[in-house]
Amino acid sequence: MTDTVLSIRNISKSFGGIHAVRDVSFDVQKGEVLGLIGPNGSGKSTLFNCVLGQLKPDTGEVRVNDQTVAGMRAAALNKLGVGRTFQQLSVFPQMSVLENIILAGQEHQGTMATRLFGPSDAGLTAEADQMIKFFRLEHLRDEMAGSLSYGQQKLVDAAMAFMAGPSLVLLDEPAGGVNLTMLANLKDRLRAYNREHGTTFVVIEHNMEFVMSLCTRIIVLAEGAIIAEGTPDEIRSNQQVIDAYLGG
Amino acid sequence: MAEFIQILISGLSAGSIYALAAVGFTLLWQASQTINFAQGEFVMLPAFFVLALTVKLGLPLPLAIILAIFLSVLLLGAVFKKLVVEPMIQHGTLPLVIATIALGLLLKEGVKEFYSPLGQPFPSLFPQDVLSVFGAAVSIPDIANFVIAMGTIIGLQLFLARTRTGRCMQATAQNPDVAQILGVDIKKMVLYTFLINGALAAIASVLITPIYLAKFSNGEVLGLVAFIAAIVGGFNQIRGALVGGLLIGVIDNLSAGYVSAEYRQAVPMLLLIFVILVRPQGLLGTSEGRAV
Amino acid sequence: MIRKATLLTASALSLMAGLASADVRIASVAELSGAGAAAGAVWHDGIKMAVEEINAAGGILGEQIDLVEYDSQTDPQNSRAMVQKAIDEEAFVLMGTVYSSSTVVNMLVAMQNGVPQITGSESPTITAKGNPYIFRTAFGAQKGLPKLGSYIKDDLGASKVAVIWANTEFGKGGHDAFENVAASNGIEIVSDIPTEQAQVDFAADVAKLKSSGAEAVFAYMTEEESARFLIEAEKQGLGLPIVGDTVIASQKVIDLAGSAANGVSSHVGLTAEAPIPAIREMAAKFEAKYGYGADHNAIKGYLGAYTVKYVTEAVGSFDRQAFADKMHGLCLDAATHPGILMDACWDDTGELSRESFLVQVVDGKQQITKTLPAN
Amino acid sequence: MKRAHLILALIGIAVLILAPIGQKNYIIYVLCSWLMFSIAAMGLNLTLGYAGQVSLAQASFIGIGAYITSLLTLAGYHWVFGWLAAMGATFVIGLLLGYPALRVQHHFLAFVTLAFNTIVFLVLRNEEEITGGSFGLVGMPRPEFFGIKTMPQLNFYYFVLVLFVISAFVFWWIVHSPWGRAFKALRENPIRAESLGVDTRRITLLAFAIGSAFGGGAGAIMAPLVQFIEPGSFALIHSLKILLMVVVGGAGFFYGPMLGAAVVIILPEFLRFTEGYYLIIYAFLVIVLMVYSPSGLIGLGSKLMARFRPKQEVRKDMAKGAQL
């Protein structure tokens, strides 16, 4: 059993004549919190979508837990142990917080038949309550998710990503639009989850402060290629990175 | 051969009227995401304005037609937007769809109860003379309908492309946010769209009713045809709706003539399903962006 | 609000008036709304006029008639419900419906409850189902069309005919009956064109007729569709004699089609233009009362209501079963029963026999060309 | 909370059991008709209200169910077989109709289903050999169970009531099961649902198939209820009528379609004094309702309750109706 959760090998992707990603390779180990940063148009979103199977790379391969994700639908990828959050708000607004979180776990329980004929919570109420408690959402448990504040919805979104016990979670700009207090809370919870469950995170984020304080390792992309890789401290002092950001 | 030409010409003549209704339908969709299930009734109603004005009030026909167009612009344009579309637009599309279905019912039942449940003859605007074209009978009203309908649509196209107001309307349809930033009075532009739809419906009504006769239930057929024409042609293009209208007119007639009279209604429906599945943006539509 | 209140008061008043004189209840179940309102409303007006006359003359067996209307909305299912409602409310006899597609459904309920039903429908199937409670006010197409067969064959000299018909219960009935007639008269059907209900565009259909090689056209559609067809036929210069049954030469079609209706010939069971003083008188009175001309449906309703009076008086009591039994094989002559307008006989299926007419439209008017004997 | 729901349901059933007693046949017939349409509307409520998939073809499924049941019972089979065959066939056809929904959404889907409805009508009318064409099929027997005839109107009512209660229970069970949660997730955010392991393709098809099967079940009741069917009863206009029932009642609410069906089927009885104006008034009220409460009568009810009990917050989602 290898400890490599995500393995990216020689990924290239171009749109028309523009090379969005050029020959990128890296591995992510179990328990790592990897930050993927880069200026706008650096190719990090394209790379992210290749990992999610939503874009088919021109060359190269993405493997999660030793399986290739090429041509895999999102639901199948999720069954493989990949959870994700979204850049935009992505809760189910007309369902309660509890229902949102149960939904996130139910497809991993039993079969289609047991999900029809079995208990209506798929046996997940206790587990969901734990998750709600973990994210400190107890007082909102039965509220409609759509009526929550932006930051609270981000927490619900994260809780959903974790509900099925994934081995890899992809966080797409988790800090965007969240106020400072809530951001500290979110960061604290993500760290705690990583510590307790050893789940691997890959984070795309613009908020440097957030990335630097959350991640254990950072990869910097510019013009579709990796220009730097290292711990937050190493990245902070890397001249190439500073040039890429400032020079445009 | 004469039969084929006859069917083709009749199809084009009917299709040009469908195109008018379809263009209005498309305009509303672009400007306000309104799917107007009452569009058929919008075409049915102005003919009754004309009848009420000529038969009940004794006005001369040309005056009655002008007044009817004015009334349509007012009621089917401004009032429809103000009282039905505007309060509902923020609720999403479905409640508005339901409301337009109900509005169609309201107009239909209203005409039936307050005017007549019976079909009514409608005065023709043109002499009834018939010309022979390669053995096919083409009447002056056929030609006039085609010319007026095409002229109206081309005029509308020119208005949208060549005038400042028209370009503002296009901008509003394509991207309301940007249009607003550029200082376009979006509300006014959307209102203009509704007014134009009212006028188009009235013109279609006055052209088609001498042939179809004025009856409260006429909208059922016309509304359906307008949908199909708009979607087949391309929901986001005026010329799409134009081509869609002509195409459906011709295909309807050809299928009645050569496929099966019993299944004539099925042919446009199958075309509709085919287009939606294979080319959802319509034959002439572009897949992204909305353009007038 | 005011309108609502007025309606409420009006209906309350009529209810009280009804209660005060509710001696014998006759239910008119008709197409008062929906696609068939043109036929049903006129039928109902015909009944109403007859009932007022009967009541003014002392009613039936001295009892006043309480006429109650039920709107089928031209929906067969709803017509079934309305017949059930009428029976629940103890109607003595049912009048209606006019559309055959409704009558074939609701007559089952009337039969199950043993209530006589006087229908305005002309579809052949109605009397072919062995229902002992159904009676016609106009004979079925299978009786009318043979009269037309010999006209097409002998008078028009046509042996190749095209048929254009409405693809509905009504049109299909006429179409099938005409097929039989054509077969027995040695007429070849060279083109057979079904059309849709509420069809507006007849261009392709007429083009097909034109190239079919037919020598005459038999058209069997409802009013508006007939008119649209005639207009298109005139436009394309069809140039063939057009014959039909009742509808195509009706005043409504003539009004709608204008000059395009000229030259159409038709068999007509009942018409306001019939050379019979009683009918002319009834039609004049009808027009004065309602402001529009009486058509065959108005006459059917009118004489239907009188039929109820005469049959009940022949029985001598308000007995539904006796009413139905009496009417089978009954003949009423217009001389002693003026409200029946023309001599009429019912056979043991409830089918009707009566003289009828051949008419032609000349200068926008129906002209009787021939009176045809009852068969 | 759950107990309150159960009590409410039991009271409802008790009222339905008592409702026809002492009533004339006509009223009982109207009640049967209401229960039947409620079942059909329930199905559409699942497809549209819960799963968010627009279907304008529910009448065609009632039609398919009614024709299958009629043909089988007229051929001498017991009604139960007709019922099962009707539900089975409409389930499968519903699956097929669901396929376009995987490609297109919203208004496009609405038009595909609209076209489907028209084609079904034409087939029912034109394939005379099987369906009886425009003459329709007549004289379907009412079934007999363990020696009890359902021919008398009151017996038939209880027969329909039993089917209604079964259908309502099945519906309730589905929407409260994890499937129901997946349907709602599909309606609210299909992309998020897919990323959480929900097989949205399968769920979409199931939403159509199950909704259609309810339509087929309603058709199986219509055949012996009316004892006559003809293609015109299943035309597009009737699909729109059922759509109105669902949305007017409240799409996505358990009791919504029953209420909506009552408004369309039963209310005209009480508004008889309005004569021909009934439809005009109805259409007008629907427009007004959509302006004030796009989530239908149930939403309106909650709004009014909230006004009297200002402390209780109105569900946010009430502000926004189901989306096309």
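In this document, chain identifiers A, B, C and D correspond to the written order of the chains, with residue numbering beginning at 1 in each.
Keep this in mind: contacts are C-beta pairs under 8 Å (C-beta built on N, C-alpha and C of every residue); 3 or more make two chains touch, one makes a residue touch a chain.
Note that the structure is predicted; figures quoted are calculated from it, not measured.
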{"item": "Comparison of B-C and B-D (more C-beta pairs in contact)", "value": "B-D"}
{"item": "Remotest chain, subunit B as reference, centres from CA atoms", "value": "A"}
{"item": "Subunit A and subunit C, separation of their C-alpha mean positions in angstrom", "value": "74"}
{"item": "Rounded Å distance between subunit B and subunit D, as computed from the means of their C-alpha atoms", "value": "32"}
{"item": "Distance from subunit C to subunit B - Cα centre to Cα centre, in angstrom", "value": "37"}
{"item": "Mean-CA-position distance for subunit B and subunit A (Å)", "value": "49"}
{"item": "Per-residue multi-chain contacts in subunit A, two or more chains", "value": "none"}
{"item": "Junction residues of subunit D, two or more chains touched", "value": "125-126, 276-277, 279"}
{"item": "Contacts with two or more other chains, residues of subunit C listed in rising order", "value": "33, 167"}
{"item": "Pairs of chains, among all present, that meet the touch criterion", "value": "A-D, B-C, B-D, C-D"}
{"item": "Interfacial residue positions of subunit B with respect to subunit C in the complex", "value": "2-3, 6-7, 10-11, 13-14, 109, 112, 117-121, 128, 130, 137, 139, 211-213, 215, 217-218, 220-222, 252-254, 256-257, 261-262, 264-265"}
{"item": "Residues of subunit D defined as touching subunit C within the complex", "value": "24-27, 29-30, 33, 125-126, 133-136, 138-139, 226-228, 230, 232-233, 272-277, 279"}
{"item": "Contact set on subunit C toward subunit B in their complex", "value": "33, 35, 37-38, 41, 167, 193-196, 198-201, 203-205, 207-208, 210-211, 223-224, 227-228, 231-232, 235-237, 252, 255-258"}
{"item": "In the complex, subunit B residues that touch subunit D", "value": "35, 37, 84, 87-88, 91-99, 101-103, 105-106, 109-110, 112-113, 220, 224, 227-228, 231, 262-263, 265-266, 269-270, 272-273, 276-277, 280"}
{"item": "Subunit D - residues contacting subunit A, complex", "value": "174, 176-182, 184-185, 188-189, 191-200, 202, 252, 313, 315-317"}
